[in-house]
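Here subunit A shows up in two complexes: once beside subunit B, once beside subunit C.
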Partner chain A sequence: MLRKIFSVFGRDIRTSMRDSMAIFIIVMPVVMAVAITLFTPGLNDTTVNLAMLRSDDPSHITYMEQFAKVEVFDNIGDIEKRVNKRDAVAAIVPLESGYEIILQGNEPDMVENYTVMLNSLYELGTTKEETTTTMMSFGHTVPPLKTMLVNMLISMTVMLAGMLIAVSIVGEKADNTINAVNVTPLSQIGFVIGKSMMGGLVAMGSIIVSLLITGYYDINWFMIVLVGLTSLILAFVVGFLQGLASDDVIEAAGNVKMILLPVAGSIIGYELLADKWQWTMYWSPFYWAYKANLLVLSKQADWPTVLLCTGMVLILSLAVYFLALPKIRKGLS
Partner chain B sequence: MKLLSSYIKEMKIAARGYYFYIEIFFAILLLIILLVAVKENPISKETEFLFYDMPAEMVDAYYSASIAKGDVKAVDDTILEAKAVSFDVTDENTKEVTSYAFGDESYQFKTFEMINTKTGQLTETVYIADSEEAMIHMSYLEKKIGATMSLDANGGILYKYFTQGFETTRLKNLLYILHNESGAALKMTMDNQSVRKLGTIETLNARENMVPVFIVFMGSLMGFFIVMAYIFLDKSEGVIRAFAVTPSSVWKYLLSKTLVIMTTVAISSSVITIPVMGIQPNYLLFYLLLLISTFSFASLGLLIASFFDSISKAFGALYTIMIILMLPAFSYFLPSFDPLWLRFFPTYPLLQSFKEIIMVNTDVGYVLANSGIFLAGGLIVFLLANLRFKKTLTV
Partner chain C sequence: MISVKNLSHSYSNDEKLAVNNISFEVTKGETFGFLGPSGAGKSTTQGILTGLLKQQRGEVIVAGYNTMKVQNERFNKIGVSFEQSNVYSKLTAKENLEFYAKLFDVPTRDPEELIRLVGLEGKEKVRAGEFSKGMKHRLTFARSMINNPELWFLDEPTTGLDPTIAATIKDIIKEQAAQGTTTFLTTHNMYIADELCDRVAFIIDGVIKLIDTPRNLKLQYGQKLIDIEYINNGKVIKETLKTIDDHDRKRIGEIVNNYDIQTMHSKEATLEEIFIQVTGRGLV
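Let's look at the complex of A and B:
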């Protein structure tokens, strides 16, 4: 039995390597991990962007550079042109006495308030050297935004594994090989496991490499692997259902779009819903997987919580599987 | 005529298929989400944990004055549960390290909501702890900035910030100088700042702001994906070979497929836009840009499809391009993140153009210029795709 399962797995590897899908599923998360590592410092910068005149007092420009990203321009025309561009940039230009703050008019309130406050602090002659403020640090080096992006990457990788199975099954149907499998000694369960192995291994490998690239070395790896494996069970169930429910790639494409909705909805629900409304997302296994991964990545996870989350993913995935079992059996026949 | 009959035939086939209705259903679902789950003015989730190491009367007097002015609102005390944890806190100046170890705790915080007096909106929730330990414990777990305020020998306030560690140097620099001057002096100087706005541009609320994203990523960009799926389906079923022996030319076949996508996207985008935006957008410009951008992305899909035999083989290219084209969404939602290189992605001007269209004062020139660029680019890519398909004869 095991040999037959591995033969399905081996055949899947060979066929997947012939086209670019498996390679993409391996490479894409790694590329995205590199991109997250490169972009996060820019995304995490919450201060304002300022435009200033080159002819301004150099000490004014130097002062502002301590607190904001500053671009320097030759004349007021260039400044107004810059402010009028579609991103949020405020300008501070010298007048005969004092300064004028120029805004486009559609910036968030924070941009105006921040700019007004910075220029006021400059006019008051406030410097860092005379501060009485003490700064303590908890030593967290990873911003929550990066953790959220990496967690989203994990969710996407898991769903890609499911899509790999879906497209692979659509291909099997188009080639009429599913019927051929039914007349071999390999059982339907064996076929399912064999087809799932490649997606699972590829996804787990990609997740681990992505976490290493993004710098999450010191997380609890047992927890992340446990959450990953239970999430993969969910991805496999979804992948099989998508594959078997779709007669052609157009339908598979439509189904992929539909399944993206609960994935994205769960992430948005977890991040944006108030605590008292979080229960409205409990039906979604994607929600539990996302929550567990987030706790592990932010090093706030404990075993009871992780086991609860993975347990919920498992129970909900198995519920979907058993509800869909007649359909899976019918599809495989 | 051949093009029209091809288009009508393709539309009939699409209407019989499952995908066409999925698109419409998906658009209705997104509309419901927009109307029900996305508030026009979302409630701020910003929070801060504070501890006042000073007589309670002083704190009460400060908040009572703020409540009277209308920029603070007192709400019921909040009880927050905190898990057991141990960690170190480092003084950034002296590098002195203090270790903390907490058990499972339940803390009660006096709670105040900070209100924007102009808009009446909640800007931040402030939790005031009874002890510095409670503030540090929650600040650490919630990954929010905490602060202790104490009195110096002259009765002035000393600030001790507890930062997470990932804050930028620029933000920390601001925290260092923020309280050097008295609050009254700072407020007076701020009130005297001269602010000039170049225009009175109406901004979009949070719900309206989501519309361009849905239109670009669920509409125009989906044309790229779906046209590929249509082509590969026809390839696998041998329809294309059959088409090759008819008198109709290849470009008409490709254009009829593209027109089906444009029709689907126009319907699904209308389902989302009209109920949310009403009569505010310039619909002439809206449909012009929508159809042109869908045509351009579908043409790109055709060109990419011409290099592959099946969707499995095209999968890598397809998703890589889609993910790359989605990157400008970061800049759209985070205006402070706007690197120059991101502006060269076609979805960047597309998002901004749709935003312009749905705003009250549309920059017509900007939208028309982008529509022209997309049309020219789309035509060139379509011609290249046509050449590729004619050359390979495997369409």
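Let's look at the complex of A and C:
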């Protein structure tokens, strides 16, 4: 049985590598990951960048260097030039009384808050040694925008696995080969597992590569894989259904794209709905998967929460699976 | 090998039957021809016997398995060649057979040998998508032999092939029969049926009209005929006369005695002529 499943898997991989649509689907997440890396601020800047004047009080500069990366400039003109560069830099310039903070305007709020706070602490005379307050609230090491984008990319990659399966099914339908496989000892379930393995492995591979490209090395990988595999179930069901319902690749791709709507809806719901309205998204497995992944990516995940989220994904996906099963069985025979 | 009792099938699940209450047996080692015009229900019957179509009414035992139950392992003993070729266009000829071979639990034949057998040598590494219709058909046919089937279903194995290749395919079927393979051969080509089959069934409009050996059919329905060409007043005249008809026999004598004979052949009624005689319909 296992050998047969692997044969189906191997054939599907081989065929996908010869199909331009499939290659596009496989490569797309990686390209997106590179794009996210290029267009969002660096992940490993764990502190805020500051620009300061050389004429400033040396103890001020030293103080700030404890908490931020400080660049020193000779005059206000150079400081303004620096602040206006693409990355996020805040400048602290002494005035006659107090300080002025100069921003380009497109920095994350956190940069502004952090700079203001740091400077207040200096003015208050608090030292790192004697403070009882921790700076953990500023412990976001990754710009939230980037985490959000990467998380969206994961959701998309999972759905692409479905599209890959749909493309493969459409190919089998065009060649009329499902009949040929149906008169071999390979069982229908073996056929389904083999194809799902192809979609699943490609998607998990893409997710892992994308996370490495975007720089999420020290996250809990077990959690990522667990959430990924669970949310793939739904992608498989969608892939088989759409593949069987479509007559050509374009139609299949279009049909699978339709499913991106609830995915996008769930993400928007999670990000924008107030806490008291979050329950309106509980029906969506995509919502739970997105939530779990966000916690893992921002390193705020604990097992109970992740297990709750995956449990919800699993239950909702299995419900869809069992609803769709008769249709899939019929389509494949 | 095959036992079919009161099998009926309706695609629309109503009284419109594509196969209407047919019964027959195929014994081990036999080559059984299933003959009928287009739309007669041949492919439908093969579809049910191979489990591709859901069985509705009747009882079918194939290679010892009741087709009502889902038992995939029965396909280790069965080979199926389809009316419409169905191979993976993105895989080469050899990859197609290799993939298929891995799906069986029994010893399988060497893909390259099979490719050679159906005259596709040199095309092993060509993707099936680049094959002509006839080439795909041959690959489908070759694939059906990969598991050394005891029971072999062939739906129109020679249709659309040029005469030389059709002859090759016929030889392969004969060779398999000689080795004891049971074959269920679906065709509307009477010459092939005549040449290959131990017994034939005539099916029309979903009903089996008769089942017998080609020889018996010819003895029963065929009459010996004589074609004579002779010259009368400088013109060539052709007549076909029956040897069992008194009037015709006298006429043969007259012609032989009075005219210059050009050609004279005796011939048997073909299976096709018998089919028309029995069913009142042609084979197209």
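Observations
Assume the second predicted complex is superposed on the first by the 223 of 333 C-alpha atoms of A that agree within 3 Å, B and C clash if a C-alpha of one lies under 4 Å from a C-alpha of the other, contacts with A are read in each partner's own complex, and residues count from 1 in each chain.
The rule is short, and it goes like this: a residue touches a chain if its C-beta (ideal position, glycine included) is under 8 Å from a C-beta of that chain, and two chains touch if they have at least 3 such contacts.
The model shown is predicted, which means the values in this text are computed figures rather than measured ones.
By the touch criterion defined above, A:S55 reaches neither subunit B nor subunit C. By the touch criterion stated above, A:A68 is placed in contact with subunit B alone, subunit C being left untouched. By the touch criterion stated above, A:T184 is placed in contact with subunit C alone, subunit B being left untouched. In the superposition on chain A, A:G171 makes contact with both subunit B and subunit C. By the touch criterion defined above, A:Y99 lies against subunit B but remains apart from subunit C after alignment on the C-alpha atoms of chain A.
Subunit A uses residues 19, 171, 174 to touch subunit B in one structure and subunit C in the other. By the touch criterion stated above, subunit A contacts subunit C in their complex at residues 3-4, 7, 10-11, 14-15, 18-19, 171, 174-177, 179-187, 333.
Those residues of subunit A whose C-beta lies close enough to touch subunit B in the complex are 19-21, 23-24, 27-28, 31-32, 39, 42-49, 66-69, 80, 83-84, 86-88, 95, 98-109, 111-112, 116-121, 123-124, 126-128, 130-144, 160, 167-168, 171, 174, 248-251, 253-255, 257-258, 261, 265, 272, 274, 298, 300, 302.
Residues of subunit B that touch subunit A in their complex: 17-19, 22-23, 26, 29, 33, 42-43, 45, 83, 85, 87-93, 116, 118-119, 139-141, 143, 152, 156, 158-166, 168, 170-181, 185-186, 189-190, 193-203, 222, 225-226, 229-230, 232-233, 236, 310-317, 319-320, 323, 330-331, 334-339, 352.
Within the complex formed with subunit A, the subunit C residues making contact are 50-52, 54, 72-76, 78, 80, 82, 84, 86-91, 95, 99-100, 102-105, 140, 143.
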